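Inspection log for the structure reproduced underneath, given as structure tokens.
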Amino acid sequence: AAVPAAAQPAKTGLGREAHPAEVAAWSIAVRPDGQGLPPGRGSVKQGEDIFQTQCAACHGEFGEGAGRWPVLAGGRGSLKGENPEKTLGSFWPYLSTTFDYVRRAMPYGNAQSLSNDEVYALTAYIMFLNDLVPESFELTRENFTSIPMPNVGGFYDDDRETSERAFWNPNPCMSDCRPTPPRVTGRARVIDVTPEGRSGPRVE
Amino acid sequence: AAVPAAAQPAKTGLGREAHPAEVAAWSIAVRPDGQGLPPGRGSVKQGEDIFQTQCAACHGEFGEGAGRWPVLAGGRGSLKGENPEKTLGSFWPYLSTTFDYVRRAMPYGNAQSLSNDEVYALTAYIMFLNDLVPESFELTRENFTSIPMPNVGGFYDDDRETSERAFWNPNPCMSDCRPTPPRVTGRARVIDVTPEGRSGPRVE
Amino acid sequence: AAGLAGAGLAATATGLRAAPPAAPDPLITTVQDWARTLGDGVQARPYGSPSQYEKHVVRRDVEWLTASRESSVNFTPLHELDGIITPSGLCFERHHGGIAEIEPGKHRLMINGLVDKPMVFTVEDLKRFPGRQNHAYFLECAANSGMEWRGAQLNGCQFTHGMVHNVWYTGIPLKTLLDEAGVRTNAKWLLAEGADSSGMTRSIPLEKGLKDCLVVWSMNGEALRPEQGYPVRLVVPGWEGNMWVKWLRRIEVGDQPWHQREETSKYTDLLADGRSRRFTFVMDAKSVVTNPSPQAPLKHKGPNVLSGLAWSGRGRISRVDVSLDGGRNWRSARIDGPVLPMSLTRFYVDFDWNGQEMMIQSRAIDETGYVQPTKDELRKVRGVNSIYHNNGIQTWLVHANGETENVEIG
Amino acid sequence: AAGLAGAGLAATATGLRAAPPAAPDPLITTVQDWARTLGDGVQARPYGSPSQYEKHVVRRDVEWLTASRESSVNFTPLHELDGIITPSGLCFERHHGGIAEIEPGKHRLMINGLVDKPMVFTVEDLKRFPGRQNHAYFLECAANSGMEWRGAQLNGCQFTHGMVHNVWYTGIPLKTLLDEAGVRTNAKWLLAEGADSSGMTRSIPLEKGLKDCLVVWSMNGEALRPEQGYPVRLVVPGWEGNMWVKWLRRIEVGDQPWHQREETSKYTDLLADGRSRRFTFVMDAKSVVTNPSPQAPLKHKGPNVLSGLAWSGRGRISRVDVSLDGGRNWRSARIDGPVLPMSLTRFYVDFDWNGQEMMIQSRAIDETGYVQPTKDELRKVRGVNSIYHNNGIQTWLVHANGETENVEIG
């Protein structure tokens, strides 16, 4: 358990202690181990209803994403390819992230408006869209950490200082660094997606 | 005469040589020794006419200053008093300054609109207002530097580094620096001329 | 150094100055309006703005990049700036739920989690803490240059490198607030949370939080701009911009990271083998030539000033090299202005241009000895799916007519 | 150090932190609008401005001071700023014919007089010169604090000390342009001239012009603001602001000073004997406590941060002392942020306030050993008719209720 640090730095007395209800109100972060999950539950079915009303306009009926709005389902097996699609099913290592993010940030433009049960249901539904659970599934605080996530092993901590050690170079080449003159292999101009300066926004 | 410096720094070749007419157009600065004075002449009488039309609205018929606009005449003997009045007559060391300044900056809002003869005439008139010349006087490039100025000897070059040497102090007092606690001898509040913050201009 | 012969890097005298024109310039020989009539007086502009002739100097976005401008980005016009400080009005914006407009009297900052007592501070409280500090730090979005992984895509350093800014901050060390709440000995991570409608969160190692993070209310001398987190933001020197939580409302202290959406779905670096690096916080050394560049082409033969910016999340910039021939030959640039740790650093090369084609590159080296890699060196170890942390060397191709474009070379 | 006992300068712990409130704060327990709905997206503000809640942070003038706002001054709100850099929009203005609005393509800079060849430069030419430099320098009007010679008059550091600002400049040494034109050996003085409707002129010793003067086009990273001389101004480090000619159109080289209106009628220092010092260029070391001050009173007992600015035209600030008892006892302040030559320098004193009356003063010391004098010491050697160069120590009287006023003490 937590113990106070040995040598406590001097306090100024500024600020005030938080009220427990204040801490509760703002403690909406959820961790992979389930810390921070509120009591509650929600089924794929319930989630589907809410999703179609509040989410599908942007994310598509099946989480496929409308227009350029984010895709929420699919993409399994795409990570090594030309067009990686990163979804809960294909990429996200932990389920807690979906619960946490939907609760704090969605629906876009009406954040923090969902009840805890609704967030459980929506999380269940997004899992279903990603073939992670059957249509009959109900998500609860209790079963939350038991769902295996396909890409949980797909991440490792930053190792650039060892794996990219070669970029530390005490003697970078200064002259005749390549045998042949460089040739142009690509031009932004050809792709032609740069906004025109002259048609850009103006300060009036 | 002027000679080129011995070791010339390298030139970049940037910029271009000025056209003589360009140098002439912008060479409006006049020095106490008369350098920079254009050919021309103007009398107190001529100056009076121009002054009443173009200057008196702000500076007063007799250079006494309308409202808070600058006073141009008088003030002789006021420099040691409570309310020094600094005019061509009382303070300015050189006549060239009047010519130069009127030509470059007056009339306020229509600068550089006067002919050289007009500036000679106005300078003559301001001298007259300051009792430096008789009403019959005509100012010319030729007689310009011959008029004695009352306060020409009233200036000396910055000598703070010697006369205020005491302000360089390796050991400024740090504690018990005065025998008695200080008492308040004046308050801005009493004078009450500070603009009210709340009625100040706003950025909308 | 054959490649340098044509377009000499050294500023040598280039012959004689231009003779006077046949006719004088009327802009000199006639009195211009601004030299005759009165302009605006004081208080016409209680809070000033740039000249009417500088209206092109603005942040710009790339509309096709995002579905909505409330979760989008715009870019600092680096090619229009000089020195190391970014004017507050031109600091690029990145929002996830638009700009939170918060009345400072209504803002609260909570410290909770593994602390002796959870605490609540007002903005006024923060300004009363001892130990207030001032620092200039760069903030770079980890996705800066992210559109360029697969090749040259956007034609202008504003778009390729404009998700960076450099600002003077005033605030207090985050450590001061953590000390006030009393951090427990088992604490290892912090969660920083914003008050905006994305409830932006990032996990930050406690060690970094205690080392040099700041809680700030002021940028470039005045209150933070709303786009930059008014009234309070977190400063995480040298680390990716997304972690510098704006509208900071809460710091939770914990013993594990939270694996929030912005450190799993986003801001992880997908490599060629399908695995991803996470917690890639530090921004590697990087540089870009801002002038010339596609939006600021060369206009004159003869003397010209090449200028650019270099920065490193690991400390001070120790050297910047510039090549005019696509990396065959290099010469160290002149650095001017302060060289501060984790701050943009300004470099110049004064050179004579004879009108020949150039492939301009710059290469930053920081005090740890890290040398900015080429794009191909980077792709070799990372693939092209990383999105983030593209610090590869940029190439600008300058044509004989001065036009400049973003190219890839091989 | 009896006077320090009551209002301790040391930041010592002041007992226990405040307990939680009986009822939770609804600003925390209910979701605020800014945490729910989308704010402005990117590109709503291509060039950003301060928050709507900072509208009081503006330059202000004192209307009764001058006959017209086109030849007048307004003042930097020093009490609202922090760090050492003045935001460009808040740099005090002083015009003599209003703001010249000049299209940069139409601006010309001439060098003439005792030179090998008179020259004309465009703004583009200037930007092509080798040796571009960046420096932060304070600019103080010689008349700053001029209203206070006879006693405390204006209630606020914005008005008593706000004719100063501190900005990063980018430009080239004036020497570079003089070298290009070729200065003759008998040259001794320069005349700098502006393109505005006052045709502002000042004589400057050639030695200073060759030493550290700059011709600049950029301030705080972006183009000069119109109020500050766009497109080109002169920078004369450490010397009185009037010499930093804005809208710079001409430098004449000569062998004598010109004794222009701004160095005879104005900017000469009338002493008690009726004689005047002229060419008093350098700004003596000076400082002011910006917080607390009349516009920024104390609001809380307990921990507080006293803050202020110090500067010297002779070089770096080496120390700032602060007194809370009207100059009986002094303690050296903590300086934070860069200490640059001829630049504003920020100092702090973290102190506990028990509610007792204080007479706050600050005293700057520069690297030449100059110690900022008291107002009375200054009056003793200068009288009260000087108008200019009032760098006397300012006293703020802080009342038990925190209200703070500008007082003279004896």
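What to note about this one:
Should a chain be cited, it is by its letter among A, B, C and D, assigned in written order, with residues numbered from 1 in that chain.
We take it that contacts are C-beta pairs under 8 Å (C-beta built on N, C-alpha and C of every residue); 3 or more make two chains touch, one makes a residue touch a chain.
Quick caveat, the model's predicted, so the values are computed rather than measured.
Taking the definition of touch as given, a chain qualifies here only if it contacts subunit A and subunit C alike; those chains are D. With B-C and B-D as the two chain pairs, more C-beta contacts join B-D. The distance from the centre of subunit B to the centre of subunit C, with each centre set as the mean of the Cα atoms, comes to 47 Å. Averaged Cα coordinates give subunit C a centre that lies 28 Å from the centre of subunit D. For the pair subunit A and subunit B, the distance between C-alpha centroids works out to 68 Å.
Centre to centre, using the average C-alpha position, subunit B and subunit D are separated by 24 Å.
Multi-chain contact residues, meaning those touching two or more other chains, occur in subunit D at positions 11, 17, 25, 28, 35-38, 43, 46-47, 49-50, 58, 60-61, 68, 70-71, 97, 110, 117, 119-120, 128-130, 180, 197, 199, 302-303. With touch defined as above, residues shared between interfaces to two or more other chains in subunit A number as follows: 10-12, 14-18, 22, 26, 108-109, 111-112, 200-203. Chain contacts in this assembly follow no simple pattern; the graph is neither a line, a ring, a star nor complete. Those chain pairs judged to touch are A-C, A-D, B-C, B-D, C-D. Listing the residues of subunit A that touch subunit C in their complex gives 2-6, 8-12, 14-18, 22-23, 26-33, 35, 58, 67-70, 79-80, 84, 86, 91-94, 96-97, 100-101, 104-105, 108-109, 111-112, 154-160, 163-164, 167-170, 172-178, 181-189, 191, 193-195, 197, 200-204.
Interface residues of subunit B facing subunit C in the complex, by the touch rule stated above, are 10-22, 25-26, 108-113, 200-203.
Those residues of subunit C that touch subunit B in the shared complex are 11-21, 23-25, 28-31, 35-38, 43, 46-47, 302-303. Within the complex formed with subunit A, the residues of subunit C that make contact are 1-3, 49-50, 55-56, 58, 60-64, 66-68, 70-71, 96-97, 110, 112, 114, 116-122, 125, 128-130, 151-156, 159, 177, 179-180, 182-187, 191, 193, 197-199, 201, 249-250, 252, 254, 256, 258-261, 264-265, 268, 270, 272-282, 284, 294-295, 321, 325-331, 359, 363, 365, 368-373, 377, 381, 385, 395, 397, 405-410. Contact residues on subunit C toward subunit D in their complex (touch as defined above): 11, 17, 25, 27-28, 32, 34-54, 57-61, 68-74, 80-91, 93-95, 97-104, 106, 108, 110, 117, 119-120, 124, 127-135, 168, 170, 180, 195-197, 199, 218, 220-227, 230-231, 247, 299-300, 302-305, 307, 336-338, 346, 348, 350.
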